[in-house]
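Here the chain labels run A, B, C, D and E in written order, and each chain numbers its own residues starting at 1.
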Amino acid sequence: MDTRGIIFDRVSLSYGRQLILENIVLSIDEGEFVCLLGPSGAGKSSLMRLLAGLAAPSSGEVSINGERVAGPGLDRGIVFQDYTLFPWMSAGENIVLALRQAFPHQLGWQLREVAEEFLDLVGLDQAFHKLPSHMSGGMRQRAAIARAFAVNPPILLMDEPFGAVDAVTRAKLQDLLLQLWQREGSERPKTVVFVTHDVDEAMILASKVVVIGMNPGRVKEVRTIDIPRPRVRRELYRNDRFQLLRNHLIELLQEDVMSELSSDRTVCPPGDGI
Amino acid sequence: MKDMTVEATLPGSNCRQKVAAWAGGRGGFMKTAWLKKLMTVPNILFVALVCLQFLPDRRTDESAVLYQLLIGLLGASYLVYAHLGRGNERVQTAGDLLSLVFVSLGTWQLLTVKLDVLDKMLFPSPALVLDLFIKETPAALKGAAGSLEILLVGYGAALLTAVPLGLVSGWVGRLKRTATPITRVLGPVPPTVYIPYAIVMLPTFKLSSMFVIFIGAFWPVFINTLNGVHTIEGRLIDSARVLKLGSRTMITKVIFPGTLPSIITGATIGLAMSFILLTAAEMIGATSGLGWWVKYISDFADYPRVIVGILYAGVVVTVIMFGFDKAEKHLLRWRR
Amino acid sequence: GAADRELKRFNVGYLASTGHAMYFIAKEKGYFEQEGLDVQLFLFTNSGEGMNAITSGKLDAGSFGTAPPLLFIAKGADITIFGGQMSEGHGLVAKPEKAEQFKDLKNYRGKTIATVRLQTGDVVFRGGLHHTGIDWKKDVTIKELDSPGAVLEAVKKGSVDAGILWPPFLTLAEQQGLKVAKLSGDILSGHTCCRQVTLTSKLKANEADYVRFMRALIRAHAFYKTTPDETVDITSKYVKIDKAILKKDLYHGNLYLSPDPDKQMVIHFWDYMNDAEYISSAKKVDAYINTGTFRKALDGLIREYPNEKDYKALKAAFRA
Amino acid sequence: MKDMTVEATLPGSNCRQKVAAWAGGRGGFMKTAWLKKLMTVPNILFVALVCLQFLPDRRTDESAVLYQLLIGLLGASYLVYAHLGRGNERVQTAGDLLSLVFVSLGTWQLLTVKLDVLDKMLFPSPALVLDLFIKETPAALKGAAGSLEILLVGYGAALLTAVPLGLVSGWVGRLKRTATPITRVLGPVPPTVYIPYAIVMLPTFKLSSMFVIFIGAFWPVFINTLNGVHTIEGRLIDSARVLKLGSRTMITKVIFPGTLPSIITGATIGLAMSFILLTAAEMIGATSGLGWWVKYISDFADYPRVIVGILYAGVVVTVIMFGFDKAEKHLLRWRR
Amino acid sequence: MDTRGIIFDRVSLSYGRQLILENIVLSIDEGEFVCLLGPSGAGKSSLMRLLAGLAAPSSGEVSINGERVAGPGLDRGIVFQDYTLFPWMSAGENIVLALRQAFPHQLGWQLREVAEEFLDLVGLDQAFHKLPSHMSGGMRQRAAIARAFAVNPPILLMDEPFGAVDAVTRAKLQDLLLQLWQREGSERPKTVVFVTHDVDEAMILASKVVVIGMNPGRVKEVRTIDIPRPRVRRELYRNDRFQLLRNHLIELLQEDVMSELSSDRTVCPPGDGI
């Protein structure tokens, strides 16, 4: 009971004969905001599935607050990479369904009110009765985010949650997420594990960045981001520590991808990295 | 025969203009357009069918007045319907179905009354069948009403048990693995085999009949539901698992709606099975009912009436299915 | 005088056959009620199901051919035959050009014959062939079909040489241009068809009811003998075919209605079934036939109506 | 009865240690663990079933030796199987099925031989059925072989026509709208109604039999295929349309694989239908075949043999379905 | 025949009673690289569906090279926002299927070779035989891109094609796309319509940016990007014209989103736009 937080203890994962994750050792303290960075196909989503309890490691153990993860739990909320809503329910009903499970003693209208509020927060104030098939990709993604936020679990797992929304909405959602994360600070801190491809996003959000290497997936580097909060986007670019860290991370990421994209075929002029 | 074809037989384009002029300028054009609109497949078939009436009959002992009236009525109501809902999908479907009906009727009449190449007992003329259809309406309606109770109870019970059982068995992997071999062994048992057991075990003959319907409809619905659960996308199931939905919510809010398309297909086949078994079910001490009637009559080799009975069964199924369709449209409105 | 008594519920199973006219008459003319029975008639289209209803006690009486009850007896069902229904009436039909050769059973060798298994005529013809020295398993190709309609179609089409049918299909076949080539009565004269059967235990417990039931049938028989037109009308309510066919079957065919259990013929039929290899049973079938019920009913009626000719005729024909 | 329970009745934990010591240290521990492993539901049921054998019989005229042998064999092979594939899903399923079999056999034996409360003719004892099952093996095998031709041709023809027709009709909206009402009217027609027509129209009795099987299997497969097309996700269809796939590629590479889960369900129900209709189909002039046999025997009210016939049909279906399952696993490996 | 290129002539689109796109007037010349920018739910994907011929306008007309768009055509390739592969075929088979349609006279092995080459180009050199369900989100997206590239149609419609891949791979894919677009320059120029949420990406790629406004969707601004090519990413940020344009576009986008995300609820400190 003394070990609060998430621990990956020499975790490996294979699909069939293919080794996906190899010997992952990683600990995430309670209340941390961890961003996972890594090339496409490295195993970030697989890692999230292990955490969510949807897959079991081939060897090793994932534990949360000292208990082995044996399956999904209400203590963890997840936003999938492909933001899955139940297609036969409207956006609002999707959220109410999740809320009813988490708050079984609340009345229906109370849950509906909460759902509406969170839809509002993600900019979907008129989508309560919209079916997923009648929403745009970004709208569906935001509805899935609203569902996870509404349930407000102590651990939030988010797999590229802001991929399909425009830059401005994205910034708003980032701020919203940070606020939710910090609001809890007083009582019991909320832990967030967040997968993203955007180094800037990681640096704005994270208190710790984990870079995942590939073939097979492993932890390549763990770096604490000690830039003080609130982090104002415009000012960050003038911050030297930020720039240094940013370039370092990009280089790290580039290594892996470079070796993957066979370099003799790529068409980018030399030096034109990013 | 379309005006397009008429034009095509005239060489040169100025010729076409002449024809148009001859047809009376704008008014003429409108007239041909109007004609063109009438030149649809069902209408052409209708005309062909009407022409067929003027061929001499070889089977002379029947009057075809009612039949001719029916054809006329069909043709006319289609014309009105097509005019009202122009370009509509429903009109197209109605036209397609009507064409099919016309072709069947035409062939049927040709082979029976007009050429008389088919056995008279097995293949009565359409006119005779129509006559009987009208004459037997009271009997058939009474029969249908009598059957409806057996059908609704038996089929209803099948739906009410097979769907939940199928959902639960499909969802719980262990149950599914056990249920599948059971369906393999029990599914192909002819429901008629159960009849003696039903007679012995159940208090009344009516209950035995209902049981036969039940068991016949049960397996198609159950198998379709069982396998249907597996067609739900994995990511939706993951999504539900992550929400830690309780078993009941899981079944009612996720598994059930996700399986619904398969359930509806199963229910359709189950309903057909119910009607197929109606003849066997009503063998048990019944003296009324559509199935009884068909069986009774086919035992007497009264094939014209058998055809009429089947037509009535078709009417009843179509009516029941109409309600089904409405429900389906509503329940599956989330698709596409 | 029985009318003021509480009517006793009595479930009776029947087949839609002209041969069951006595049931229809007794029901329509109120004989059952007059005898104190509230008879409900249940139609079966399959003798096997009817026999199951008998053995499970769901029916108090019924008549489902001769072969099915005998089969059930051979299987060990404890049922009793206590009355008759009809006799003979079956026959073999063929196309007119082929009809002549089917007159003699000896000519059946090498032929293809369609039949519906276990119907009385089928048993009689197979037994007859057996007695003629023809092994119907080898020398004749027997095609078993599921309905008389199918037999009729098969004969008409020529897929088989002949087919065994029963009323009203014999008449129907004649209407369709086929010929009745041989009658079952020519093979086994007076052979029985449907018998009245019930559970032995029921008969023992309520014999009086069964006597009254038989009284109603005997009265119906007398009615049938004297009132042809009304008989045809009544029958047509239960057997929905052309009245002309009904009349021909009931009065000008080779179908004989009688409530007499005809014990000797049943025993004879039992032997035929053994010959046709439908059963192989060394059981004494006598024990399953009760002639007392019929006799009591008939004697009582003769005492009440000493002048009724039909009762006397039945009495004269009766052998215990 | 499990050793856990034994422990639980002893108060205190040092007591437990004593028990372990008494059981002989490590060896004792292994022994109880070994016992625990044996205490599975099928094994317990097996013991119960064996005990049941010692109750006195009320039906005395039968020998149960073979039956007892079979039970012993089942129990033993399960033990071996469970030992070999420990913790395996298949073992679990086998255990579940075996438990079910044991419970049914036990109840069956109790109600027939032991208590004799059921009708002897309709409910023979399991021992008698087993006896017959073995005795009739040659007849049943020959029958099954005879039926297989009719079944394969009829059912095969149904698959080969219903699947392509269903795919095309399901894909072309206009055809679908026309086909649906047709299935409503023709689907519920009892296939036996077609028998006289088949006899008249088709050259041989065998073909008629095949036709009955065909028509019975056709509708379930067709309806499932027709509706299955609609379950393909819209975005996949869009994707295919954008690639401008030709109709043939569209049907074979997109519509067919997407509909496959539904087709397989339909094929399962169609196969069950084929077997159900086997009795009716083989009533057309056949003198052998499984269906003919079952019908023949049920006409003679020989219910023990009817049960045997059904068991054989179950065996045949299971064998056929085994092949199906393999194909299904291969074809649907892309799912989940 | 003199009007080559894509023309939206007063196009409107409604779903039921809801008006999605209103009176779109837009012309895209042959050989142009057009980026569509706009808030989530504005109607960008709907516009792409109109172009692809998957939806028909409620009023107005979309025409390509003077002909009305009546349905999908081999002249247009499309990468959907949710990158759809047929799940029952491997990545390679998916591409071969598309190729066979476009090049009916090629032999099977030739098509397979082309497929492998393009999988290689997007960094999936070992995924030919992988089923979509065994690939990560980014890998599936790249396979879909490879399919569109391999068919090489004169018009390429891409709806947020690079959303699920990491930054480095994204840059490579951008370069690859540019190369494919320019290579065709000699014979018949290729037209690209590209939806993105990333203003920088738009500015690197586009020769013309179209900003879509929302409620209902309409063309808010069309801006030619006259920054000379090759555009080297690192240098762009020092380019004044680029910075000006970038700020202008971001502001444009912000307007709409601001009005959508009811501003009193958002949690971002003032001035912290992006």
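As a convention for this text, a residue touches a chain if its C-beta (ideal position, glycine included) is under 8 Å from a C-beta of that chain, and two chains touch if they have at least 3 such contacts.
Please read these numbers as outputs of a predicted model, since none were measured by experiment.
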{"item": "Number of steps on the shortest touching-chain route linking chain B and chain C", "value": "1"}
{"item": "Shared interface partners, meaning chains that touch chain A and chain C", "value": "B"}
{"item": "Maximum centroid distance from chain B, chain identifier (CA atoms)", "value": "A"}
{"item": "Interchain centroid distance [CA atoms averaged], chain A/chain D, Å", "value": "46"}
{"item": "Whole-Å separation of chain centres (CA-atom averages), chain C against chain D", "value": "42"}
{"item": "Whole-Å gap between the CA centroids of chain A and chain B", "value": "52"}
{"item": "Distance between chain centroids, defined by C-alpha means - chain A, chain E (Å)", "value": "26"}
{"item": "Chain C residues counted as touching two or more neighbouring chains", "value": "48, 52, 55-56, 147, 149, 153, 156"}
{"item": "Touching two or more other chains - residues of chain A", "value": "82, 133"}
{"item": "Contacts with two or more other chains, residues of chain D listed in rising order", "value": "119, 122, 192, 196, 200, 234, 298, 301, 335-336"}
{"item": "Each pair of chains that touches, named by its two labels", "value": "A-B, A-E, B-C, B-D, C-D, D-E"}
{"item": "Chain A-facing residues of chain E, complex", "value": "15, 37-41, 43, 45, 81-82, 120-121, 123, 125, 134-139, 141-142, 160, 163-172, 175-176, 178-179, 197-199, 230, 232-234, 250, 253-254, 257-258, 260-262, 265-269, 271-274"}
{"item": "Residues of chain C defined as touching chain B within the complex", "value": "13, 16, 41-46, 48-49, 52-53, 55-56, 58, 147-149, 152-153, 156, 168-169, 172, 176, 240-241"}
{"item": "Residues of chain B that touch chain C when the two form their complex", "value": "119, 121-122, 195-196, 199-200, 205, 283-287, 292, 295-303"}
{"item": "Chain B residues touching chain A - in the complex, by the definition given at the top", "value": "235-236, 238-246, 249, 253-254, 257-258, 260, 333-336"}
{"item": "Chain A residues touching chain B - in the complex, by the definition given at the top", "value": "52, 54, 71-74, 76-78, 80, 82, 84-89, 97-98, 100-101, 131-133, 151"}
